[in-house]
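First chain A sits with chain B, and in the next complex the same chain sits with chain C.
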Partner chain A sequence: MNGSFRTCPTTGLKVHAQADALIKANAVVATVALLIGGITAVLVLLTRWQAVHLLPADLFYRVLTVHGMNMLIFFILFFEMAVLYFASAVLLNSRVATPRLAWAAFGLMVLGTVMVEWTMFTGRADVLFTSYVPLRAHPAFYLGVILFAVGALIVTSIFFGTLVVAKREKTYEGSVPLVTFGAATAAIIAVITLAHGAAIYIPTFLWSIGVMHVDAQVYRLVWWGLGHSSQQINVAAMVSIWYLLGALTIGAVVVNEKVSRSAFVLYVLFISMASAHHLLVDPGMGSAWKVWNTSYAMYLAVLASMIHGFTVPAGMEVGQRLRGYAKGSFEWLRKAPWGDPGFSSLVFSVIIFGFLGGITGVTFGTEQINIIAHNTLRIPGHFHATVVGGTALAFMGVTYYVIPLIFRKQVAFFPLAKIQPYLFAGGMVVFSMAMTFVGTFGVPRRHWDITFQQAPFDVQFAPAVDLLLGIMALGGLIAALGGGIYILVTVWSVFLGKPMAEGRTA
Partner chain B sequence: MHTGLVSPKGIWWKPAHKAEKIWVAIAFAWCMVLFAMMPLWHFKGGQNPSGIRHKVTAAAYARRTQEFIRTYQVGTDAGIPVVEPPPGSDVYLQATSFSWTPVLRLRKDAEYIMHLSSLDVNHGFSLSPVNINFQVVPGYDYALRVTPNEAGEFQIVCNEFCGIGHHLMVGKIIVIDGDATASAGGGE
Partner chain C sequence: MPFDGVPQGIINPPGQPAAGDGPEHAKAPGTLILVFVFLAAFVVYYFVNWKLLSFLWKVG
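Up next is the complex of A and B:
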């Protein structure tokens, strides 16, 4: 299976046929998950928008579960598997270490996904993304998550194996490129994350079939080692993609390898402790534990993001100046390819992740602010800025390069693709800011009816809440339109699009 | 100069540009400020999540709540017992799917030790409209020292998904002014 390579006519990279096929397969499944997650996103939005209040209670929680699992687990992780194959085999001109095992892992992940989707859609797992024990789902739900996690763990092992193969077969000279280095940190964090996933979902599966007991607080502790750490995989993968997109769109340079790589290492060392901030108002842990894990440890990971937030734009500016856009302070920015969806996605991703997502996230990580933010809409307001406006948008941007370079198809409906990042980013900014503000009034997240019509006591939120929910819905619908365009463009390009000029095969 | 797609050859551990050094120094200093604020605020701040924490079985917690209600009940409200414990006492609030028991009548500016626990799944204590939120975990007794500083009626919204009746789960805390001694026995 290790046979053929082709040479990419654009980049000159040698692409292993198996790497090609694995990237395509993972990207396609990721897009299907994104579609399911996107449709359910609109249904959730139209229910939380109290003026419309679309779904009944049982369907709302079911659809919310489907939305969370598809977006935060299936879409993101399948896409990241594709990123791992790209950053190892493609960027290093190498073969994939063990292609048969890679396909087996892919099969395992798809099987796990199908099991989870089945339990969710048939109402056997109305437990939301977090599935806090002792809320009970069908055993197939937990087993599906386990199979998916094992498959993803195998893929990360193959990534490391491919690094070894490339080094041994001398497919590159010197050190691995920065993008590969960043992807390697994402893979290391993935191992930590998926180990937590196994450590909590295996006992929970056994609990669901009545074999053992799982403590509710221990579940929350270990589960967040999966739930939040998986977002740290996203951060490391997204920052790698920032460097990748900078290089592809405007030839952004690495200003200093030492600084950027050290920042990635800070993620590996410190970001896992950030999971502790989910437990700031929990009964199980003492103040010393809470303060240590969420301040000392976490802020060094924050430092890493602040460094990338400087080096990525700096590399873009220096790259542009080297290309001749050197007049004044801002010619490099004015003359940038704003009509290239890869470039605009990159810029918006950096800004939304850093300013909206990062700052809100860091503040929630303090004890006192957590008391006024925990489980309110401020929390999803924050992570829609990080995961959607940051990570998903960066992934969308890189897709506009994956289509010609890997699928070897022209991007269809290019004028639509051009405006897609603007719609998506603009919509997400309005959406997540409005959602955050609603949360400051104490409006709970994960709640079907904040008018509490059938509750024993009357609850009145501030009148501004209604207005803000309307603005949130408007932003959300604009973002959903952007997301819809993305799916239309990618699916059309891949399955019905015009092929690029063929590259030579070696 | 090369992009992030290129394998750097030779030694790339080179001194950073002055601008990068300055930025890293500023960022590091800011992180240290944040780091210092965490413990500082914990001791100086007026509102903290630190409390007395114990493991407790659902049956034991239910017994304590029943005992608490029997001792201090002054009426009922919407079918839920209303209790008025003396200032300084231990107050028990019990979360079950889908209700908060009992309704509490507390005195403004008096300190209480408020216990939170759940008899079944995770619930969320969210005091509306002041917006104070705590996680309520089955098997754990979370005792917080609270001093109400504002009179009026407050609602307890459940803000952790607990099942199909999650949106029905609303409780109540009534805070009365310290001199309103005659109000004992209220509720309807």
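Up next is the complex of A and C:
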């Protein structure tokens, strides 16, 4: 079952047939999850837009649960599994360690996904992404998450196994590439994350069938070790893709290997502390615990992001300057291939992640400021900038290279593909900023009706809120259009697209 | 299928830098400017949030 290798005519890399197939399978399921998450995103958006207020309350919370699970867990993690196979087997010219187990893990993840989707769509798990105890879902929901997490953990182990295989079989020389190193840090964070998932979802599953008690505060403490840390896997994977896209699109260089690798190590050591942000207004934790976990050492993880935020564009600039684009301060940027969707996605991902997601995240992570931002729309405004404008956009950008390099197909509707990052990034910028501003007025997150029509008290928001919600909806719809184009382009390319051999050479 | 295409990085991969040049001696003045823009944005947003907090939650 080890299969054969093919040599990529563009990169010269030897691609193991099993790695090829596993990347394709994970990428296809990730796209399906993105489609479900995207459709539900529009439904949530049109309900939060108070002027439209599309869904009734019960459907709103159901659809919001589906949106959160598909976007934050299924789309992202299936895609990251593909990244792990690419960064290990493909980049190191190696075979995949234990391919049978890899397919079993994939099957486990798909089975878990189907179970969770079934419980959510049938109204058996209207508990939102966080599934806070004592909100109780059907036991199949928790079991599905556990199966999914076990599958992902096995893939992570296979990633490390493939690194060992590549080292033993001497498929590469010197140190592993920086992209593989970054993926390894993502895999380490994944182990930490999935261990938290097991530690909390197994007791919660037992609680759901009435076997044991789960304390609500303990649940929140451990669950966020899964909920936030899973987004840190994204960060490490996204930064790895930044380096990859920089090299593929404009020949970006790594300005200093040691600095970039040290920054990845900082993620492993300190980023898990960021989970404590979510508990900043919880009464169960003391101030000392909160301040320590969201400041001091945690800022070393922020430092890591700022290092990457410098070295990635600096590597692009140096690469361009070495190729002759050296006039003034920004010729390297002006004359970059802005029509290449891989490049434009990279640039927008860095900017949105850093300027919108990063700055707001660090600010909200301050205990005193968190008190005015917590549970308002400022929080989803922040994480839509990091996860959607940052991670998802980087994943979209690399897909335009995965289609020809791995799927061996030309990119369909290429003119649309070229404008897709502009639509998606532009929409997300408007959406995230409007959401953040509207949260500043105290508008709550995860809330079906902010007019509080049936409440015994009168709650009035500033009139600007209605305008900002409209702008938020406009931005969200533009981003959804960009997301829809991405799905159209990828699905058409993969299943109906022209093979590379028939068209232009690669 | 109309409108097929391949990203520029594959059709026309970036060439090798001129011989003898290396990233260790290169400078990145444009990136440095962007870094200071980022720093300014960070300072402004952080300050505005503390100011907002001081309005909403008066001490004394």
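The working rule: the second predicted complex is superposed on the first by the 501 of 506 C-alpha atoms of A that agree within 3 Å, B and C clash if a C-alpha of one lies under 4 Å from a C-alpha of the other, contacts with A are read in each partner's own complex, and residues count from 1 in each chain.
We adopt the following convention: a contact is a pair of C-beta atoms (placed from the backbone, for glycine too) under 8 Å apart; a residue touches a chain by one contact, two chains touch by 3 or more.
For clarity, every value in this text was computed on a predicted model and none was experimentally measured.
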First, second, both or neither for A:I209, with chain B first and chain C second: neither
Touched partner set for A:I371, first chain B, second chain C, both or neither: both
Partner chain in contact with A:A104 - chain B first, chain C second, else both or neither: neither
Touched partner set for A:A464, first chain B, second chain C, both or neither: neither
Which of chain B and chain C A:E317 touches, first, second, both or neither: second
Per-residue touch tally on chain A - higher for chain B or for chain C: B
Contacts of A:L269 with chain B and chain C, given as first, second, both or neither: neither
Which of chain B and chain C A:V52 touches, first, second, both or neither: neither
Partner chain(s) touched by A:G286 [first = chain B, second = chain C, both, neither]: first
First (chain B), second (chain C), both or neither touched by A:W492: second
Common interface residues of chain A - those touching chain B in one complex and chain C in the other: 248, 251, 253-256, 310, 314-315, 318-319, 322, 362, 366, 368, 371-373, 440
Touch list for chain A against partner chain B, complex: 11, 57-58, 61, 91-92, 126, 128, 132, 134-135, 172-179, 182, 215-217, 220, 240, 243-244, 246-248, 251-260, 279-284, 286-287, 290-291, 294-296, 299-300, 302-303, 306-307, 310-311, 314-315, 318-319, 322, 362, 366-368, 370-376, 440-442, 444-450, 452, 454-462
Residues of chain C that touch chain A when the two form their complex: 1, 3-11, 13-15, 17-18, 21, 23-24, 26-31, 33-35, 38, 41-42, 45-46, 49-50, 52-53, 56-57
Chain C contact footprint on chain A (complex, rising order): 10, 248-251, 253-256, 309-310, 313-315, 317-319, 321-324, 329-330, 332-333, 337, 339-343, 354-355, 359-360, 362-363, 366, 368-369, 371-373, 400-401, 404-405, 410-417, 440, 492, 496-498, 500, 503-504, 506
Chain B to chain A touching residues, read off their complex: 1-10, 12-14, 16-17, 19-20, 23-24, 27-28, 30-32, 34-35, 37-39, 41-42, 45, 47-51, 53, 78-80, 99, 116-117, 120-122, 124, 126-142, 155, 157-164, 166-172
